[in-house]
């Protein structure tokens, strides 16, 4: 049986409305990438299917791409296009 | 005998120190230009001989060149290079 | 202790200026962003700003350091979060440098990069009662694509 | 009645900002010039600014209108005259516009043109006791040329 890893996913701003929650705990087989986490989310939350194919993602507060590996205890954040100022 | 005209000349900032006064009344034959007034000043005030050949001049608050004619009652101002800000 | 870049309180521009001015910096340029009463032709009544706080703090610090290193300027900035009314200041930047070229360039850099990189979002409450997240990219898929 | 552009009193930036901000102008850019403690490698103790007042008022008004017409910005500015100490604000400009490009451009235009055209002069009192009019052109003829 493959090893499992668990991480926290945060949904910011509009994405929190879209998914109906501000955060989720996701468990998936290790090794896994940011893209794999998105796949799990799309299967779990109906609203996640409206996310763009490549949403802006931050892993432990740094921007990452979909191929970046995730680890146990990471915080992954999904960020809508920024609109500050 | 040629007609005479009288005008006020103001010396600003450094030029007031150079000429030893903040203003002077100049009388000269009409018609006369700004350049003619400068000629009179150079003959009257020793300090005026250190003025540049073409100092910045304002006639009744508008910038003018040496060929501009002057009239009775005008205010001519001699302005050092500006240094505000 | 570092002053945070995000604040829920009214921004005091004078305080930002005090943090950057010094006897050898002869030029201070500031930028204030304020809430406008219209957007894309529609009347706006108020706004809410939200942020991914910890990441926004890190990104603001990076942008400030870029401006300081590239132009030798001292920079302070704050961005408001929470509910704002028309005319309220949403962001303030103060950049001080020995000469004005550097102060202008540093201030401009900070606002441009802040708008591009700092994870802050705004939701507009329009006069017609609708509420919308500002998203110039219109990135969400439609329901039909589900 | 029009507020004069020259003042012998301390400049209040907040008041200038209040004069230009409005609900449809989302960007305010300000410039402050302050007295530096050195010039051309020498230590400065204080400054005096003097002006050809009536002409300076006219020229400031022209520059303000140029900025308003060219960028649709609202602009306010003041220049201090008299004795100033290190760190004192000598000039302040506030430019407000619907968007930041125009606010930055208008503010920059005003300070550049002010330095070029407005009849204001400054005399520096150096730490070594000498007093000099600032004149980057070094235009005066030497005594020998008399």
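Observations, loosely collected:
For clarity, chains are labelled A, B, C and D in written order, and residue numbers in each chain start from 1.
Methods note: a residue touches a chain if its C-beta (ideal position, glycine included) is under 8 Å from a C-beta of that chain, and two chains touch if they have at least 3 such contacts.
Computed from a predicted model, the values in this text were never measured in an experiment.
Hopping across touching chains, the smallest step count from chain A to chain D is 2. For chain C, the chain whose average C-alpha position is most distant is B.
Here the CA centre of chain A is 26 Å from the CA centre of chain C.
Chain A and chain B have CA centres that are 77 Å apart.
Counting partner chains per residue, chain B shows two or more touched chains at no residue at all.
Multi-chain contact residues of chain C (touching two or more other chains): 33, 111. Chain pairs that touch, as defined above: A-C, B-D, C-D. Listed in rising order, the residues of chain D touching chain B in the complex are 33, 49-52, 54-56, 58, 79, 90-91, 111, 114-123, 133-137, 139-143, 145-146. Within the complex formed with chain D, the chain C residues making contact are 13-14, 17, 21-38, 86-87, 98, 100, 103-104, 107-108, 111. The residues of chain A lying in touch with chain C in their complex are 10, 12-14, 17-18, 46, 49-52, 55, 58, 61, 77, 79-85.
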